[in-house]
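Chain nomenclature is as follows: A, B and C, assigned in order of appearance, with residue numbering initiated at 1 for each chain independently.
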């Protein structure tokens, strides 16, 4: 297949309107799977979290996890959806080796939540309302490992190895309506939506929403129509979009690719494509010999779910403070400007700062650490901020040590570095690296006297009342004590020794 | 109703049977195609009788017991051991089920 | 002595075991010997677990010797288990090549309950592949022969369980009934078979044919024995979402009460659409005689109409294949069962394995179901069949307004010769005309022997149908009729089966 012609992005949006749709799968962090009592933890030995039901053994039967249903309803409520008063699971029939029953138990035309919306704030503060079509429950598939061939990918593999630990883990699929009129901002809107959804679901405490671990996955649907024509274009569905950055890049790439196809007078093929992280492009799946027909029908092994109004209201009562409510409160409490708040949000630092404040640190200090020093560290390491191996509680302890004078800022950074290097808790790093501020006046006085003796002219100036000249002596003492002295105390001692 | 609906009494063709067999992952033989096409035609002729019932206003029954909201608590039950899980496997390797190369894409 | 033990009812055998007149091991051994002697001709069993059976019986004997009360009224009594329920100590093949030799890592709930009740499981019985068939000829392991006439079919799909009873290889058996697979073989072998209310017995570990229709149930030679077994296997199971969370109907008490022979105050409805044309003469005669017997017992016989029953067969042969096509998709050579290594890809191996591992009837129904669920046909076929299902349930509801139980012949004919209908699927399907409506509605029904047909000397069955969870009245009527019939004949019905040749 020849490489697709890509049209320059600015050119695309000059001549086409993008229509964007997003399908996000969220793995719930319930104790057990959707339909059986197996654990859902990530990373166990293969095929040790399986039972007859999630392995699809003959004779096994599913039973719905109540907590998964409650999580689905809570997600629906947080997305301003209507909760369906009655609905059934259906079977989606297709053969694939990672699916033990060769059908997926899913909600098809009777989803538990419909017709909601999520307001999404873009980087510059613009708010876009994304309409939610539905949120429904289904089960995850197993995982395959492709052996042989060059890349470990499915193509060229000699055989595959299957682990069904993930099979049957509860999934909530959240589907937007088509998002119109995003124009050049389509990539940004897509990213902002997924980010907002992630924050919302995290606040509900129902999922880890870790895109890097696959507990949140995104499919991007995109089509173009000639600018202002209102004619719906043919859409592509891009799977495998596994980071926030990829969401943005996938939309951008597909817009350029669609425009290339349309400009050439060709038709866009309605197909599933796969996002390629390394090249930031998408690749077509294998063209199937037969068109897919999933032959949905109501799952006879499960009875309908009919949430009563009382149950739904009870669950509504369990909703925590949602992200936008929390942001408003934090802005008020910390006295932040809109821009300051946005910076925090855009740096993905809000939760971390809030947690640090909760652990006892002043908000100003907490903000400054996360937004500057730690953000730099995350950048250097190429990880997202919350993947840094330091907890808000640990940072709060460092800040506490600074406030109490036991550390100065320079030492505090060294302590944080130690924590990031895995040397233990802040106090352990202080002890191991010997980073405590020298507060023993005896030792400091000796250092001060030595410095004064070494620079008699400066000492004379100070004695003569030019207190500002003390800076040079402070510097010398700090150097002599390898930065471990409390500069303020050193200055006091200098003035004391000079009798100024 | 669509033109190919059963009431039109169109015969089921070998090609259709072949398509269905592909969907159902059955590598049927040429001989079987002919036999099945003939038999399914007779059977479909008989079962198409459901179309004679005027049932526009009748709700469908998917479950014969009038049960709703059957849930289990989110509590763990013992899983199988890896050995039990793999006990029936035609082939296994490193604690995983070993299967021939997969051609299609994940869905 | 040993031979005598195989002729006893389960209730009588249990009494002797619990009074320690005979041991559970002796009872098990007697039946294992009988299997050894006659099963070469009958072929009721696919697997006999002699050692496990004797071990289980030994535990019962030890427990009784220690003065412990029996674990259940049937502790120590042997049983034949249909090979569709999973067992950890025996293979579970469902009569199919695709599961040849498969050893499940778990027990079905029914299996667990049998074990907990101290019942001795002798082995696994033959069946039509995946319970699809009405003659047991579609078993991948060869047909079962009717003990009443070895050249005839024993009915199906549970022909193995029914034949085991009729051949005195076991006094109890478990069957499963999706469209008549317990009742029709009972009718053909002169035994008692009960299809409980859908949701009355757990389906966990029952290898699915059609999930919304399948139901396991008790098989025996007497109504009381079936009732005793029913109470052991029935009841709520949290592992089956469709299991009814209600007490098991008091069927043992009802059977005992029925045997007293008084049915005054009960109305028995004859379903007009399930008699007459299409029913073999001897079947109809015995049915009419049974009605007279019921009247003599004091029941009022009324005629009821169920106008939509005539569409039952058509609806059934859409719903069942649809569910089958999905339920049987998991047999794909990836995780368990047969793998035919033909082709380089998983897809090719799946297709080659399924082609080689499934028999023609299974393939036919998979293809039919795939068709009925296809997007262009769903509404006309599957959707419409589900509406007919609603109408059939409504017919039942209306009929049960007029009668406490409904009756019909269980099957339109007596047992036919092996090979007669094997290549004519539609003719085979007609066997289940009278039994299917009950499965579609999820209600309860049983078959009780109603004599032998005058023209061929083969057994016929009386079907008694009851509303959902209405098993008590059904057992009462069944037991009353059975007692009256035996009194009229001067002997228990099952003892009239011809003697089988015993091989050393």
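Just so we're on the same page, a contact is a pair of C-beta atoms (placed from the backbone, for glycine too) under 8 Å apart; a residue touches a chain by one contact, two chains touch by 3 or more.
Because the structure is a prediction, the values reported are computed rather than measured.
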Most centrally placed chain - per-chain CA mean versus overall CA mean: B
Pair sharing more residue contacts (C-beta pairs) when A-B is set against B-C: B-C
Intercentroid distance (Cα basis), subunit C paired with subunit A, Å: 56
Mean-CA-position distance for subunit B and subunit A (Å): 39
Gap in Å, rounded to a whole number, between the CA centres of subunit C and subunit B: 24
Overlap residues in subunit A, where contacts from two or more other chains coincide: 51-52, 55, 63-64, 95, 97, 160, 162, 293, 295, 297, 300, 302-303
Subunit C: positions in contact with at least two other chains: 102, 104-106, 212, 238, 241-242, 325, 329, 332, 334-336, 346-347, 350, 370, 374
For subunit B, residues contacting two or more additional chains: 22-23, 25, 62-63, 65, 67, 70, 72, 80, 85, 97, 99-104
Touching residues on subunit C, where the partner in the complex is subunit A: 85-86, 92, 94, 99, 102, 104-106, 108, 203-208, 210-212, 238-242, 322-323, 325-326, 329-332, 334-336, 346-347, 350, 370, 373-375, 378, 382
Contact footprint of subunit A on subunit B as seen in their complex: 19, 22-23, 25, 62-63, 65, 67-82, 85-86, 93-107
Footprint of subunit B on subunit A - complex, ascending: 30-32, 36-39, 45-52, 55, 63-69, 86, 88, 94-98, 141, 144-146, 148, 154, 157-164, 239, 272, 274, 285-286, 288-290, 292-293, 295, 297-298, 300, 302-307
In the complex, subunit C residues that touch subunit B: 102-106, 198-199, 212-213, 238, 241-242, 244, 308, 311, 313-315, 317-318, 325, 329, 332-339, 341-352, 354-355, 358, 360, 363-364, 366-368, 370-371, 374, 376-377, 380-381, 383-391, 393, 425-426, 429, 440-442, 468
Contact set on subunit A toward subunit C in their complex: 51-52, 55-64, 91, 93, 95, 97, 100-103, 160, 162, 293, 295-297, 300-303
